[in-house]
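Letters A, B, C, D, E and F mark the chains as written, and numbering starts fresh at 1 in each.
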Amino acid sequence: MKKLADYKVGESIDLYLLIKQSIKGVTQQGSSFMTLVLQDKSGDIEAKLWDTKEEHALLYAAASIVKVGGELHDYRGKNQLRIKTIRPVKEDEGISISELVPSAEKSKEVLLEELMQYFFEMKNPHIQRITRHLLKKHQSAFMTYPAATKNHHDYVSGLIDHVVSMLKLGKALADLYPSLNKDLLYAGIILHDVGKVVELSGPIATQYTIEGNLLGHITIMVNEISKAADELEIAGEEVMLLQHMVLSHHGKEEWGSPKRPMLKEAEILHYIDNIDAKMNMLDRALGKTEPGEFTERIFPLDNRSFYKPGIE
Amino acid sequence: MKKLADYKVGESIDLYLLIKQSIKGVTQQGSSFMTLVLQDKSGDIEAKLWDTKEEHALLYAAASIVKVGGELHDYRGKNQLRIKTIRPVKEDEGISISELVPSAEKSKEVLLEELMQYFFEMKNPHIQRITRHLLKKHQSAFMTYPAATKNHHDYVSGLIDHVVSMLKLGKALADLYPSLNKDLLYAGIILHDVGKVVELSGPIATQYTIEGNLLGHITIMVNEISKAADELEIAGEEVMLLQHMVLSHHGKEEWGSPKRPMLKEAEILHYIDNIDAKMNMLDRALGKTEPGEFTERIFPLDNRSFYKPGIE
Amino acid sequence: MKKLADYKVGESIDLYLLIKQSIKGVTQQGSSFMTLVLQDKSGDIEAKLWDTKEEHALLYAAASIVKVGGELHDYRGKNQLRIKTIRPVKEDEGISISELVPSAEKSKEVLLEELMQYFFEMKNPHIQRITRHLLKKHQSAFMTYPAATKNHHDYVSGLIDHVVSMLKLGKALADLYPSLNKDLLYAGIILHDVGKVVELSGPIATQYTIEGNLLGHITIMVNEISKAADELEIAGEEVMLLQHMVLSHHGKEEWGSPKRPMLKEAEILHYIDNIDAKMNMLDRALGKTEPGEFTERIFPLDNRSFYKPGIE
Amino acid sequence: MKKLADYKVGESIDLYLLIKQSIKGVTQQGSSFMTLVLQDKSGDIEAKLWDTKEEHALLYAAASIVKVGGELHDYRGKNQLRIKTIRPVKEDEGISISELVPSAEKSKEVLLEELMQYFFEMKNPHIQRITRHLLKKHQSAFMTYPAATKNHHDYVSGLIDHVVSMLKLGKALADLYPSLNKDLLYAGIILHDVGKVVELSGPIATQYTIEGNLLGHITIMVNEISKAADELEIAGEEVMLLQHMVLSHHGKEEWGSPKRPMLKEAEILHYIDNIDAKMNMLDRALGKTEPGEFTERIFPLDNRSFYKPGIE
Amino acid sequence: MKKLADYKVGESIDLYLLIKQSIKGVTQQGSSFMTLVLQDKSGDIEAKLWDTKEEHALLYAAASIVKVGGELHDYRGKNQLRIKTIRPVKEDEGISISELVPSAEKSKEVLLEELMQYFFEMKNPHIQRITRHLLKKHQSAFMTYPAATKNHHDYVSGLIDHVVSMLKLGKALADLYPSLNKDLLYAGIILHDVGKVVELSGPIATQYTIEGNLLGHITIMVNEISKAADELEIAGEEVMLLQHMVLSHHGKEEWGSPKRPMLKEAEILHYIDNIDAKMNMLDRALGKTEPGEFTERIFPLDNRSFYKPGIE
Amino acid sequence: MKKLADYKVGESIDLYLLIKQSIKGVTQQGSSFMTLVLQDKSGDIEAKLWDTKEEHALLYAAASIVKVGGELHDYRGKNQLRIKTIRPVKEDEGISISELVPSAEKSKEVLLEELMQYFFEMKNPHIQRITRHLLKKHQSAFMTYPAATKNHHDYVSGLIDHVVSMLKLGKALADLYPSLNKDLLYAGIILHDVGKVVELSGPIATQYTIEGNLLGHITIMVNEISKAADELEIAGEEVMLLQHMVLSHHGKEEWGSPKRPMLKEAEILHYIDNIDAKMNMLDRALGKTEPGEFTERIFPLDNRSFYKPGIE
C-alpha cells in the first residue's frame, strides 16, 4: 500500500494518519488555525487547518488518528499537505497507532532474543545477575522506547534496536582485541541507556520528563545499579565497575559524563555508541540524497553536510 | 610552645613531628636517601635523610611520629630542614597524631552542635528526615574528614567546618532573598560534600580512593540519597530535588556536574560553596603575605596572585 | 486599578499606555503599518496599527502616551493586542510617564537614604571622600537609571535598587568574614556601575550611547575616579585600589574586565554583583511560572530553564 | 635469552645494546659526561657515562651497537643503568641492529600478505589501481617504518602493523553496516598514513624531517594521489574521493585535517584509526600495571590514568 | 546613467537587470510566486513575481537579463522592488552580462600588467618559473574570478584585484623589513588563492564546486605546485617552501591551514591577506554609513559594528 | 672590541659586565652560592659564584658593574660562564651602565626626531594637541623605557624604537588605503603604549609596578588622555576616539582590551602593533639560527619553531 513518503508534489492523498503534533495559531488578521504534523510509518508532513473553532483542538489533538484527503505542495523547499477533508477515525475502522508510527525493522521480540544470546558469552556471575535483574525490571519499556527524541533511533523500539546493533559491534571488537573483558563490555552496552525509560516520556510523542531534565538517564541508571546490587546482595568491585561504565559513556564532562572513561572497556563503549548512532544518522540522511549531491546539514554531526559519491 | 612555623632560617629545632610523606631516592652517584615531609599543627617542612639503609623505610614511614633535631635553611626560596638527629617516638612519650595535625579551630563537637541548629528552621519532613538519616549514617567520618586533599579546608574536620560556614552564609542569603526555600538550601549545603567520606581515604595523609576516582563524591552521594529514601520509604519530588542539589553543585558539566543547576537554590548553593572555599584560600595566602606585597600564585583561583593593600 | 498584565486572552482593554517602541513597516503587498510596543507599570505588549499614514509616525512615536482600546489575542504563543481605538493622550488628562513605567518597589529617596547609612561603617577618609564626591556628582542620574537595558534591574531606579541590595549582601559577608575591608567593599559596590549613567541613554527607552559603546561603563568610571582624586587632591594607594575594584568587577577579561580581581574585596564584589543580578532574574522568571513547571529559557543564565518545585 | 626488561633493580647485566640516543653534557663543576639511552627489543634504559673525552662522542653515537656491563638502580622512580664496562661491538660478533629494536610481532612479509588479501574485496578499478601503485612505490619504507615517533605502534614495521589491524576492523564494520563502500574504506585505510614514510626519518631513531614539519604526512599523501592519478591517466571522482579520505582522517581542523570528513567512509576511517591507536596504547599501559592499580597517565588519551580491575 | 543604487524608496525604475538568483515559492494559500534577486553594477535588490506559471521558471532563470519596470519600497528595513512590468531582454538590445555585474575598478588587463611588474624584483629562478607557470596555466580564470562568494572582493576580477593590492602591501613591508625574502613573499601572494579557480564555480552566481567542498583551494593549489615542479623538472627546497606558503596562509588549523606558518614570509603573508580583506570589508560597510553612526554588524569581523567618526 | 656574544665555548674572557640578576642559593649539602646573570650590549650569560659569604650579596647585587675573568662552557645546551676572578668596578675605570645594556640601534634623540616628523601630516588640532601634550609630559621616560620586559623591543629605548617603526608601517598603510584617517592612526600609534612608563619600573632590570599589575598600561593611558583633555580644555569626539584607540589596541577582551576595535584605524593599529612585534621576535630568533635549521620555540608566537630556508 502506498505510504506518505511515496507521494510526490502535486499528487492527491487519502490516508489514515496519526497526529504527531498539534499547535493552535492565530493569523495576524486574527482568525484561528491549527498546524498539524501528520505521520505514518514512512515519515511525516506538516499541514494547516484554516478557520478552526474551539472544538477542533480536542478533535485533532496529538496522538489522535485521522482520515485525511488532500494534495501535496512544496512550501519553501519542504513538502506540505493542503488538507481538503479531515475527520477522526472511527473505532470500527480498526486502525491502531502502532500501524502508523515508524519502528525498528525487526520485531521487539526478535531483538530481545538476539540480545539474550550475549549473556551466554558472559562469565562473571555478579555482572550477569545485575544486568539480567535490571533488564527484567525495565524490560517492557526497554523494548518499546526510542533511543532518543530525535536524531538517531528515534522510533518505537529504537532503544533495543540500538543496543543490539551495538552488541554486534562490541562482539566484533572483542574478537579483534581479545584483551577486552566481554562481561564489562556487553553489560555496559546493555545497561548504558536503560535510564532513558525514565528520562523520556514514552514511545509516542516522546518528551523529557522532569526527572529526565533534573537528573538525566546516566544518573538514573547509576542509582539503579546501586539498588540492584543491594537487592541482590552483591558486593564487590563489579558494582563500581558497572556504574563507571554507565557514568562515563558520554566520554567527556562537557557531554554529560561526570567522569571520563577510566576503564578500557568504558573507552570502547563510548566509541561503539558513537559509531552506531552516527551510522544511523548518516544512512538516513544519505538515503534521502541523490548520488553526486550533498545531504542536508546534520546538526549532531557538527552540522556537517555529507557527500554521496556518484561512483558505484 | 614554639611550633614549626615559628622558627626562622638559621634557627635550631628539637621537636616531635609527624611524617606526612616518605619517599626513597638514590643519588646520581648511587647512594640511597629519603625525602621526608614533616609536620605539626602549624605547618610542614621538607627534609632529606642521607645514606639511608633498607630498615629506615619502615622506621620512617608515612604517619609515623619522630623526634627530630636539626637546623632550618633556605633551599631555592623554600625552607628546608637539615636533620641532625632523628628517632621514632617512644610509646611512653605520649604523643598522639591528633596533636600534630592541623584541624579546624572549633572542636568537631561544637561544629556539629552549630550544624544541628539549622534543622530547626527546616519545615519539610521528607527533606529533614533524609538529611538527618544520611548525616547520622556518616556522622563519624563527616566530623573528622577534610573537605579536600589540598587547597581549602584540607585539615582534620575541615569538611564539617566548611559546611557550618556555608550554612551561616546560606542563612544570610535566605534572609536577604526570602523567596529561597530554606529546606532545600540547608539540606543541599549539609549533603553536598558528604560523598567525600567515601571519595577520600581519611583525615590523615588523605588520598583518593578507587571508588573516589571512578565514581566521584557527587555520584556517590546521589546514590546514597536514593537508598535513604527507599529505606525511609519516602517517595515524592523531594528525593529528586535533593539529588539535583547535590548533582549540580559544581555548576557546570566541565567541572563535574552532569546537570547544571535548574533550581534557584541549586544555583545559590554553587555560589555559597565557591565563596566559602575562596575566602578560605585567600585568607590563608594573604596571611603569609606582607602589606604592599602580592601573594604567591593560587592555582585554583586561576593561578592569580592577590595584592595585600598597604592601607589600613 | 486593573493593569495590562492582569488581562487575559479574549478580554477587552481600555487603558492609558506608553509607547515604548515604534517601528514602521510595509506589508509584502505594499501597504504601510506600524508595530508598537505599549507598556504600563505591569508589563508590555506588542500591537499592530494597519494602513497607517505619514502623520502617524509622529503621533505615535516612542515615549508618547496614548489611550488605547482593543482586545488581547495570542499570536505564536505570545500575547498581542488588536487595536480598535487609539489616540494621543490629552494634556488635561494628567497622565505622566512615571505612572506608566515599571520602577523599583521603594522610592529612590528611600533607597538613597538606605545607601547613605553604609558610609557610617567606612573609616578610610580618602575612600569615603572619593566615593561621596562621585555619588554627589552623578546623584540625579544614579537615582533614576536602570542597571541594564534588559535582563535584570532594567527599570526606573533599577541601578540604585541593585546597589542597595548588593550593600546588604556585602554587609552580611563582611560580618561572616571579618577579614574583608569594608571601606573597599562598600565603595566598590557603590561605584562599580555608576559609569552606566554615561553608558546608557536614560531611564526610559534605554539604549547604549556612543561613548557607552566605544569605552564602556567600566572605563568611564575608572577615569572618573582618577579625576575625582585630582580634584580632591587625594594621592595614595586608595585611588588605585578603588580603580581596580571597578576595573575588575566583571571578573574575567572575556567579560570586559581588563584585569581579573587581585584584591580579596574585588573577588567578592564580583560574586555579590552576580548573585544579586541572578536572584533578580530568577525571581522574575519563576514568578511567571507555575509550580511543577519550567521557566522559559533565561539567556544570561547560559540559556537555562529553571524548575519551580511543586512542594511547599 | 634474558633481555633488558627482564632485569630488576640491583641485578647486574652484560648485554649487547643499541644506542638510541646520545647527548653530551657538562656537570655544573665543568667535567664532561654523556647521557645514553640504550635499548634492545624488550625496552630501553638511561645511563650516564662520566668523565668522557672528545672521542667518545663518535664512538658512542646514536645508532651504534655496544657491549655493556653494569648494574640497574632506581633513580627518581625510573630504572637507570650504572655502566661499569662499555665498548663498541666488533664486526665479527655478528650483532645486527634489527636484533635490538622492537618490532611488530608478525614479520613484515606476513603483514604485507595479509594486507594484500583486502584488494580482492575491492571492485572499483580506479581506486584499486591508484592504491596498488602508491603501495608499490613506497612499499619498502611502508613495511619498515613505525606509525609514529612515540605513543602507539612506534616500532619497526609499526605502520603496516597498524594498517593491517585497521583493515580487520574495517572489514568487521563493513560487514555490520553493509552500506559502507569497501573500495573507499579499504583504500583509505591503506593510504591514510603512507605519507609518514616522507614525514619521518626512518625506522630507527625516528624524527620528523623538514618536509614532515612544513607539509605533514596528510598533505604529502594527497599530493602523491594526485600524481599517481596523472601517471596512471586516471580521471574521475575517485581521485578526489581518495584525496578527501586521506585529507580528513584526523577528523577536525584543529587536529590537522583542513576538511572534516564529508564521506561516510571518511568518518568511519577516522574512528577506526582512533580505536586501533587507543587499543595499542591502552594494552601497553595496562600491561605494565597490576590488577587493582591505575596506569601511569597517558598523554595522548587526555592525560588520563586507566584502572585495571581486580576481577577476572 | 542612473543605476539601481541611485534610486530611493518611492521612485520608479525602468532598467535592464541581471537575475542573480531565482527561487520558486508557494504561498501558504497555495498560489505560486518567484523571488528574484536583480542586479546591475551598482548593487542588487529583491523582488517578488506573484502568480507565476511553470514557464516563468525558465524565462526568468538565474543569469538571465531582463527589462524591468517597477517601484522601490521599504520592506523590513531593506529596499524591495515592486515589479510592474518584466520581460526577457531581446538579442538586438545588445546588453551583455558584463555590463550588469560589479567588477574591479581597474580592468583585468591593467591589473595583470601591474602584477607582472613584481616578477622583476624576484631573483630565485625556481620560484619564478613555478609561479609564472601556474599563473599562465590558470590565467584566464584567475583574471575574472572573484576572491570569495561574499564578504570581500566578491566581484568579477576580485581575485586579481585582491592579489595586486596585497602585492603593494607586500612591497611596502619588504621595504620596511629588508630581511623578508621577496621571492617567497611575492610568489606566496600570487599563488595563495589561485586554487579558488577550482574551488569556485565561476565569476557569475558563484558557488562552491564539489571539489571545492571536499578538498578546498589550499589543498588544490598545493597539489598544483607539486605537479608544476614535476613538469618543469624543478627539484629543491623551493617547491616545499612555496607549498608551505600556500598551505599555512590561513594561519591556524581551525581556520583551515593544516600547518601554522613556520616561515617568516608565511607569517607575514597571513597578515597581508587579512589586512587587505578587512580594509575591503570596512570600506564597503563604512561607505554605507553616515558619520556619527555605526555600520551594520560585519559577520567575518567577529560580528562587530564599526563606528564612523563625525570628525573630519 | 670583542663582546660577550663574540666568545665561543672554551674561550677565556676578561670583561666589564653588568649584573642583570643576582640570586642567592644553598646547595643541598648546605653551602651558599650565587647565580648571576651578567650582560653587556651584545647579550647575557649565566654564571655561578660558589661558596659565597654574606657580604657578597651586597657586593654583587643586581645593577652593579663588575670586572670578570673566566671561561665559557656549555651547560645543558646553554652557554655558561665559569668565573675565575671577579671584582666590583672601580670608579676611576669610568664604565657606565649605558655602555653595558643593549639599546636601540639609533640614538633616542634621532628616534624622537623621526617621530616628530609625523606630526606634520596630522591636521586635527585636538588630536595633535592631546598627543603632543602627553608625549611631552612623559618624554624622558618614553625615550628610555623598553617596550616590554621580554620577548620584543625589550632594551633601552625599545619603546620609542617600536613606535617609530610602527609609524613607518602606518604611513605605508595610509598611502595604500587612503580612507584611513592619519590623525587617528598616528596618534594611536604614538600613544598606545605610553602607559608602559607607569606600568614598568624603568629601563634597567625592568619589572611590573604595583600599579602596572592592578591597572595595566591600557587603563593608565586612557586615564591620562582624559586628564590631558581636561587640562587643555578640549571637548569633543576626538577625546573619546583617542581613548578607544588605546583601549582596543590589544584587539580582544581575552588579550586585555575591554572593547574590541570599533574604528577602522583601531583595527589597523592592532595589526601594525602585532606585525612590528613579530618581525622583531622573528628576526632575533632567526639571527641565531643556521640556514636549513629551525629556531628555538618562540613562546609568544604560539610556541612555534620557524624554519630558516637554505636557499638564498
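Note that a contact is a pair of C-beta atoms (placed from the backbone, for glycine too) under 8 Å apart; a residue touches a chain by one contact, two chains touch by 3 or more.
Given the structure is predicted, the values throughout are model-derived calculations rather than measurements.
The minimum number of touch steps linking chain A to chain F comes to 2. Touch-path distance (fewest steps) from chain B to chain E is 2. Interface chain A/chain B: over half of the residue numbers present appear on both copies, so the contact uses mostly the same residues. The interface of C-F is repeated, with over half of its contact pairs matching by residue number, by A-B among A-B, A-D or B-F. Averaged C-alpha coordinates give centres for chain C and chain D that are 62 Å from one another.
Remark: chain B and chain C have CA centroids separated by 41 Å (rounded to whole angstrom).
Per-chain CA centroids place chain C at a distance of 44 Å from chain E. The set of chain C residues touching two or more other chains comprises 210, 213-214, 241, 262-263, 294, 305, 307. Taken as a graph of touching chains, this assembly has some other topology, since it is neither a line, a ring, a star nor fully connected. Under the touch rule stated earlier, the contacting chain pairs are A-B, A-C, A-D, A-E, B-C, B-D, B-F, C-E, C-F, D-E, D-F, E-F.
Residue ranges on chain F touching chain E, taken from their complex, read 124, 165, 168-169, 172-173, 175-177, 179, 181, 184, 236-238, 241, 260-264, 267-268, 271, 274-275, 278-279, 282-283, 286, 294, 301-302, 304-307, 309-312.
For chain A in complex with chain B, the residues that touch the partner chain are 210-211, 213-216, 218-219, 222-223, 226-227, 230, 240-241, 243-244, 247, 253-259, 262-263. Partner chain C is touched in their complex by these residues of chain A: 24-26, 28, 30, 210, 213-214.
Against chain C, the residues of chain E that register as touching in their complex are 48, 73-76, 82, 292, 294, 305, 307.
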